[in-house]
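Next, two complexes with chain A in common: one pairs it with chain B, the other with chain C.
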Partner chain A sequence: MAKSNTGGIAGIWLDDHECVVAAGKVREAGFKKFDAITPFPVHGMEEAIGIKRSFIPYVTFAFALIGLGAGTLLQVWTSSVSWPLNVGGKPFVSGPAFAPIMFEIMILFAALSSVVALFAICRLPKINPPVIDPDLTCHKFAIFISSEDSGYNAERCEQLLKSLGAVEVKRVAHY
Partner chain B sequence: MAASNHSTSPVNPGHFVAGKGLRTLYSVAIFLGTVLFALGLYKDQARAWHGFLTSFMYWTDLALGGLFFVALQHVSKAGWSVNVRRIAESFTAFLPIAAVAAVVLLLGSKNLYVWLDPEVVKGDAILKGKEAYLNMTFFVIRMVVFFALWLFFSKKIVGNSLKQDADGDAKWTLKNVPLSVAFIIVFSLSYSLFSVDTLMSLQPHWFSTIWGVYNFAGLIQSFFAMLIIFVVYSMKKGWLRGLVSEDHLHDLGKFLKGFTVFMAYIGFSQFLLIWYANLPEETIFYLARSNGWWMTITFSLLILKFAVPFLLLLPRWAKRTPNHLVMVSVLILIMQYVDIHWMVYPNLDPYTPKFAWQEIGSFALLGGLFLWSVTNFLTKNKLVPVRDPRIEESIHHHVAY
Partner chain C sequence: MSTVTRNPLVLGNKSYKDITDDILAPVEAPPGKRWFALFLSAKMLFLFYILHIAYIIATGMGLLGVNHPIGWGTMIITFVFWIGIGHAGTLISAVLFLFRQKWRTSVARSAEAMTVFAVMTAGIFPLIHTGRPWLDFWLLPYPNQRGPLWVNFRSPLLWDVFAVSTYATVSSVFWYVGLVPDFATIRDRAQTKLRKTIYGALSLGWRGSARDWSHYEMVYLLLAGLSTPLVLSVHTIVSFDFAVSMLPGWHTTIFPPYFVAGAIFSGFGMVVTLLTLVRIGFPQFKDYITIDHMEVMNKIIMATGLLVGYAYGSEFFIAWYSGNPYEVYAFTNRAFGPYWWAYWTMITCNVVIPQLFWFRQFRRSIPVMFVVSIFVNIGMWFERFVITVTSLHRDFLPSNWGMYAWSWFDTAILFGSFGMFLTIFMLYLKFVPAISIAEVKPVLYVGKKRPNHGGGH
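And now, the complex of A and B:
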């Protein structure tokens, strides 16, 4: 509540290529906390904005290893320590029999941890975010500069976006 | 569509030139291979033929892998792969030689398959029951039919692609779709039976219903490794400048990793069920591969054909670094030989894996011929299907994060 009621400035383009060029220029102007909102993935946008690779794959890998270990321990403990059970004359600890469950628990841990990590870094779920323009899911492309960016200045941003060819510039409410 | 501008911006790949080193390599391989194979036949027929069968499967797999990949691209109407498709097409240039090699294999089949010996069959109730399928006449008929089908489809599918180089007509691309669909159906059946005939019948009492799939998994895994080596070689020579980038390598690397997992999955599926059921008629296969040094080979497949390449291909940079990708591909190609050797050689010696000049002979002979036919094809034709309607998509291929 204490925060200002504008969360940033959004410029809107009708052409995806112009939007990519503008995103590159916004980045050159020194902005860091800005984003593009487009109805479909636009080639070259990640590079234009300067988005680095996500670290989620490393979370996935780490939890995959934890899951692999957990699956192994679970089976070794249940089938040879807690309640040793002779199945078909096989050893209590049999690698081949354990492999499918080791694999499945590895996948389970990896998948769930990826989803949790994604929600955490995107701060999802977001309740009722402001709608910049309903047509951003259809045929419009936007660049949104957050007011939290160090170089943020409402007038300067408005001018910058206009000079880059935005057909419309809007002040957007805080997330 | 950007595809309609190809007449305004002609694509000019470099010409594939088999340099002196490459020509010397395959000439020496063919010459030395012939000498060693002949010498091996003179010294120990059974061993020479087992070596020949292993090499025959190895190189035929690569040629068939090329045709399967090309068919898959046509069926899925893929655009990204257009610029590497011609190199895959070039692998099929080995198929006619493989057909000749199959005839040579038939000459030596008495040394490989016990079910060809009437005396053995007479005293063996199981083999007697399988006689309707496992007999020389039907074996020859099947081989002829398989190779006739494969040669027909490779001539048609690859031929249409070459015709398009000349006239740039999009109809060749459309014509290849139903042909490729038909080939994939024919291939799945014929290759399964082919691998059963050539490799599974080495132990005619034993059977595995997943055998064809396991062989296919090795085929496609080794094919991608070989394709990557050829693509990187052509890139380093500068022949694919502006046409093939690390984005294409990235996708080929993904395929290589995917089918590495697939190979392990199928291999383990085959093993797990046999291990669990523990039926003597099924376990003989793995028992024969757990004696002495064979156990080491068995484990080397799990580690060096799956675990190590999988981890080496996991990071994103690994699939975008040509030298790294080639290193992993070489490892996989070596292990593919070990894999086929592992299927064939326990039949010859149940205790010790054998690999010496006898095996190198037939491997070098067929490998030299493979290299000769493939480079010959690439020298004669354009390195990229320059007038494919989807080529623009391939030129601008981009892999997002």
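And now, the complex of A and C:
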């Protein structure tokens, strides 16, 4: 992913399908550090750009296990070690009775860790992120090629994006 | 090869820009007179609620109808009622997402908002019902100087604390994550500095890069996958509050699925009530929340209504089949004892009236579905009243029998809680896009031909 203060060239499309096709062609042209900016997740864009499957599920799974362990330890330790209290003659470690809270804490950890992982990966929150075009969150679709890409050449990129049907091509100082 | 044509999910000849304009119109324009009228009425009711809650906290729980032998009253009944309402929102936003039901996109935002607000409304009741709400932090297992003395993890009431708080947290986070791209849309269209700053902060600087979307969609799927067992667990655990006790009428194994079906039933009732009103208030939403959407929800109301009706019958059968005289008495007393009117109100509203939805013209009629959904709401409140009060009011010894002493304060907190819910919901309609913009755009061409492109995909 391009660093936050590098420039590049952005092409803008008005149709999501054309933008996906163009993204595939940009990739075929040998570019690696390019990205699409779209108002909604466009079907097929990940394959066109070559984005790998998100690894967040592993984070979720790890934290689900941690949550399950934490919920178990909290209940077992408080009920049988810290202050063993006889409630209605039930065993100090009442497995079935502990299941609901073990489950709830597992879900809580898994859900919150997934969202925290999302924020960390997407570097959210961002303060005043650069705006290529304000309509990119409404009805326009952009492909951005970073100036850091090995094959980058401003004229060549402009040509390429225009030939792929971009209605507008912009030089962007900050991405 | 034959092609299956579906009804379009978005009516009219819209472009992506039209969708943004339509959905953001209520957020960007100053509110109309009708919005103010409804908001102020809701707010008056909310203030009325706050005053009565304050009076109850200052004076004591004795102001309500709870007494011996009926220790659980309006607070618990209305708590279960509101928690149940919330379940339809999660069902629409999470379960239908996992089942790839594309129609959910137009209604998911408002349904999920309803969940969050209903859980907020519900959460207040058990906290006040403790009688000394200033000591409610005792519900949490925190290290203290009394030993430390811990909470009793074997109690269903404590399970409820964890279930409801987890549910409130995860639903709010799920709802907010869904809102982030839409807040970014508002930010980028903002005409004033204030709006840009506020929505910019709420959007967390979301940009919509393909890599971000890839992770975002994964997290959305994960949250849906986690919310699905969560929502089933929450009402299961709420039903444990009753089912784990030894009281005839409560101590039944059917309670968890019965409560979950009832929760979804009541929640869809409330979704239909709210969305019929939203469609009247914002006519441009009729192209997104179409009659087809309403019809599908009415089908779910009928299906879950039948499940609930089956549970009512099953309870009676098992009471008879168990041969336990106390169990038989509890149920006979429910239907033919002093609270017969509550029982038959419940049956009429929940089992009889939704049968109207067998007929297509009723399923697709806005006035009919509005009236039926109101009956469903009333019926489901009565279901919780019947379960709570009729089981408690006559237990094993006739010397221990009594009636619930319904007071003015019971009425006040029951109706007042709607003031709280509607106040928050009205603010939501004004300040938050009531339909998910980023989720509706991808389904724009479902059941339609794309312009400039032959066929769909």
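Following the convention adopted for this analysis, the second predicted complex is superposed on the first by the 168 of 175 C-alpha atoms of A that agree within 3 Å, B and C clash if a C-alpha of one lies under 4 Å from a C-alpha of the other, contacts with A are read in each partner's own complex, and residues count from 1 in each chain.
Just so it is clear, a contact is a pair of C-beta atoms (placed from the backbone, for glycine too) under 8 Å apart; a residue touches a chain by one contact, two chains touch by 3 or more.
Keep in mind the model is a prediction, meaning the values are calculated, not measured.
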| query | Once chain A from each complex is brought into register, does chain C clash with chain B or fit beside it? | reply | clash
| query | So, A:101: does it touch chain B (first), chain C (second), both, or neither? | reply | second
| said: In the superposed model, which partner reaches more residues of chain A, chain B or chain C? | reply: C
| task | Once the structures are superposed on A, label A:124 by its partner contacts, choosing first (chain B), second (chain C), both or neither. | result | second
| request: Mind checking 2-10, 20-28, 164-172 or 398-406? I need the stretch of chain C that runs into chain B in the superposition. | output: 2-10
| said: Considering only the contact definition stated at the top, list the common interface residues of chain A for chain B and chain C. | reply: 41, 43, 46, 51, 53-54, 57, 88, 97, 100
| query | Contact residues on chain B for chain A in the complex? | reply | 268, 271-272, 275-276, 278, 314, 316, 398, 400-401
| Complex contacts: residues of chain A adjacent to chain B | 41, 43-44, 46, 51, 53-54, 57, 61, 88-89, 96-97, 99-100
| field | In the complex, chain A residues that touch chain C | value | 1, 15, 17, 23, 35-43, 45-46, 49, 51, 53-54, 56-57, 60, 74-75, 78-79, 82-83, 85, 87-88, 90, 94, 97-98, 100-101, 103-105, 107-108, 110-112, 114-115, 117-119, 121-122, 124-129, 131, 134-139
| query | Quick one: in the complex, what on chain C touches chain A? | reply | 15-17, 20, 141, 147-154, 156, 158-159, 162-163, 166, 169-170, 173-174, 177, 180-181, 184-185, 187-189, 200-201, 204-219, 222-223, 226-227, 229-230, 233, 237, 240, 437-439, 441-442, 450, 452-453, 457
